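Okay, got some structures for you below.
Each of the next two complexes has chain A plus one more chain, namely chain B in the first and chain C in the second.
Take a look at the complex of A and B:
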């Protein structure tokens, strides 16, 4: 193997190493994909495939069905919860981008004094444990009347997402050649016009990645949503709804909700990867 | 005052004004972040170092004294320490194993790497629920597997295990979930370290007669010590902070994170909750400093010859 010797070998020893390595890869794939497969399997299982009366649970449902998804998508409460999650996530994206993009522009384009301290200050927000900072924030929101409101959850999610937006956005702005800004200035554009019409369009792939990341962060955030909406079911997000299904039997509803919560995250994560690659390549001078 | 003096006095003001004009788009975000950080610190200190008396609160350390004498706090501190001590090396080992599997160049490497990254894309709560379902009592897949109901897998236990019913198994369950989900982070950091190793070094070690084991322990490990240090530091912090996995999988056994939830939401005592939060932060800072020192020593001893 490469980490034991850099050149390829064909000796019996190398063959046995190769077999061990392939077994390792297969085992690792099983460890990663096995539980996910079983979760999806539970979500399409009928009752007798889960409640087996002591017999082993089959690895494939006896009668695969999408009835749980049908139930889920015909449930008004589920739609309300879904609406809450989407609303909070979209508003968090709007607030984070509104605050984060101009900050990323300054930090990415200008050499300001104390830049390192500013960056350290920004990232330090994420170093503090969420579970430790949630109590002060809830108490503050109770004081200002934002507790158990959408605004409270949105503001707290913005606090969590803002450092990422600034750092990802900064990377996007840094890659744009300075000559473009100079040319816009020579052609009479003021600073805002240059920012809005020249820099932002070029930074769109990176900013899109930041927006998607923010959406996902808010979509699957649990701690702040839990503490800030505690006791107010009509404000529950998907994660809180899922937590409420913990003791529900059979577990196909729990599994189906988990799948519904995960699909956008996995799909958007792949999109983020693509945009990030695009963000890097958009920096090259054309 | 002469016009020259006016100009001299106005110069710093102008410079300051120009600086503000230059950086003003940064200010809203900075005010937001700094403002909330101040709120968090002030409220956390004010809540933890005060206690209610009548209709008002008075400065006091009684919250700390009270939680120290609370059996639940001592248990939570013990459980979280155990979780961190067991979980950090487990995350490191998982990261090392997966990174070594991917280190080799092979067809489909990128696809397999993407598969290995999937746990990171899943929400932590979903992972916790997945583990919850698989380790269900009495009829989860894991119990059936261990009972020998899926041949050719042998029977290891005679009776199904209620995984969430004892501290050891509930803690193990939380560790399984946490390590499964966070393994890609450790893997990526170690993989970056492995990719930085010059292959010629390995060839040189081999040509000098170093065995497989010697090459691993004397060449590779010392060269990836910086990556290992980062993994150990980051993962230990994450272990102390953990909330979701113990919350879902070890509900009966409190950790520092879930104790904050208990004090705040169940007993309605923000002072005790804030005091636990302060202790959690202190534990994180203390662990980071100790580990930093230890890893420094390790780096010196393990430096490649």
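Take a look at the complex of A and C:
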């Protein structure tokens, strides 16, 4: 028996297992990092590294240069667009959280009548492709006078993000023990006080995930922003700006803009991700 | 501090009745335990008093004030949950003063209260810790401190000691008794552990299926169980029950059972004289059956029963013996020593006539009522 259990027998198994794992991880990293590498590479490439005249494109630019970034940052319109995107994304996060978190709490904690229908209504926004729902929604926005306003874009993004915020939030609130709520109310807290001083702090990890998702959604969104800012260049968001660069010179301007587009998202995610710590509620029960 | 009056409370869940016209009066400053098996409705009753469960019918009056329809946050109750329910994101300090802040107590007063509670419950130095950074016993004390600083009309405790190990539990029982003596708050304590109930409470309400079986002092509950359920539930190991019939032998009345004729003491024998032939359920605690070598043999030779030992269960200082008589009836009793008592051995036991309980098998009630009437 001892022979079969010896480490000489077991280690080949472990090694082959490890090789499979490592290969998998490397592949995954390649898939994720590959495009990022290409993007960064193109953004710092000089002309001859892109237009090689038949020769293979080098893995690293012949003469790396930041000149295109210089060009980009000298464009005043770019700053305005960047500002628009940041403003709209942050406002969308604020609006979605303000509306979505209380809704998630009520829908997640209470068996209110018609709960299922309400949930179905909320999710129905996402049952249609954006391209299909954009026309009627924009028409409605025009009707109420929200067309070509920041508020219009923010509200449309909030509309898209709310189902996610509500569903992620419901999950976050469901994991909080009911006894904490009972305890708070026995100690004299009304429903609102219980909500903001006990439940919200404990739901923060889940809500942070929802916030990151909402930010990303607004940042990436194209169709609604396109129709709602139609014809008003000064209200464009980064995605719309990028759309305008399709045939622009120099050729790597698009790559540089894409890099600039990613950085705020990464920054926001890293900032908020600190709140996504697991086990915040440990120690409450037992 | 206040007295608590529950007037014929009713509470149903779907087809399950958890409180069935339940009436209970708890005096100001009294320590009362709601004791009962799991699912008897004791926790629900506590939650109704706290305002966490709606009352279907009946009334809750605390300190002369009608509480029945008052929401939980407007009642002046404090509660300690079985799980303690400490707020995990708040420090010990913030957990304790949470309720005081909500009540808008002056900051100086809050500090005083905090210091008072921290001292009384030996929590000094833990102010800035989070619940997950302290031990189970400390969490239990924080939960208690958090309740006590509120000066509640009534303190509700829902099995607060069930998560502690045996040694800690004993200390906690002592502590809780001390606190009750010092603070004098009315305490309603829920447990299924009869030792906790017996050692701490002034009165015990024994619950069964949403009804109160008996509401009495721990001593009365043990010595004079009013019903078969009480007799069975209170006391460990639980009581022996035999079928019997009241009969008269010579000039005294007793009960004829499968293990033989059991003589009662003179006083009670007189009281059942007129009931000859009545069927009864006989209850005898294992503690009241003696190994004959332990008692003066000459006096009790006529009350001997011969048993064959089936099982010996070591309980530390004593042993529980399960013996079988010639007719096959099992009798459980206690002995202080177990050396030679091995299964298969024959032994003689004596049953103390003063400690025999007689119950009506249909009404499930004790034949000897506490007030002496039959």
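By definition in this document, the second predicted complex is superposed on the first by the 221 of 286 C-alpha atoms of A that agree within 3 Å, B and C clash if a C-alpha of one lies under 4 Å from a C-alpha of the other, contacts with A are read in each partner's own complex, and residues count from 1 in each chain.
Operating definition for what follows: a residue touches a chain if its C-beta (ideal position, glycine included) is under 8 Å from a C-beta of that chain, and two chains touch if they have at least 3 such contacts.
Computed from a predicted model, the values in this text were never measured in an experiment.
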item: In the superposition, chain B vs chain C on chain A residues touched; value: B
item: Which superposed partner A:117 touches (first chain B, second chain C, both, neither); value: neither
item: Contacts of A:137 with chain B and chain C, given as first, second, both or neither; value: first
item: Which of chain B and chain C A:29 touches, first, second, both or neither; value: first
item: Partner chain in contact with A:201 - chain B first, chain C second, else both or neither; value: second
item: Chain B versus chain C as contact partner of A:177, first or second or both or neither; value: second
item: First (chain B), second (chain C), both or neither touched by A:190; value: second
item: Which superposed partner A:102 touches (first chain B, second chain C, both, neither); value: first
item: In the complex with chain A, residue positions of chain B that touch it; value: 22-23, 25-26, 28-30, 32-34, 36-37, 39-44, 47, 97-98, 100-101, 103-105, 112, 115-116, 118-119, 121-126, 129-134, 136, 138-141, 144, 149-150, 180, 194, 197, 199-200, 202-203, 206, 212, 215-216, 220, 237, 240-241, 243-244, 248, 256-257, 260-261, 264-265, 270, 273-274, 277-278, 280-281, 284
item: Interfacial residue positions of chain A with respect to chain C in the complex; value: 177, 179-180, 182-190, 193, 197-198, 201-202, 279-286
item: Chain B contact footprint on chain A (complex, rising order); value: 1-7, 21, 24-25, 28-29, 31-33, 35-36, 38-39, 42, 50-52, 54-57, 99-100, 102-103, 105-107, 110, 112, 118, 121-122, 124-125, 127-140, 158-159, 162-163, 166, 219-220, 222-223, 226-227, 230, 239, 242-243, 246, 251, 254-255, 258, 261-262, 265-266, 269
item: Interface residues, chain C side, partner chain A - complex; value: 47, 50-52, 71-75, 77-79, 81, 83-89, 98-99, 102-103, 130-134, 136, 139, 146, 150, 156, 163
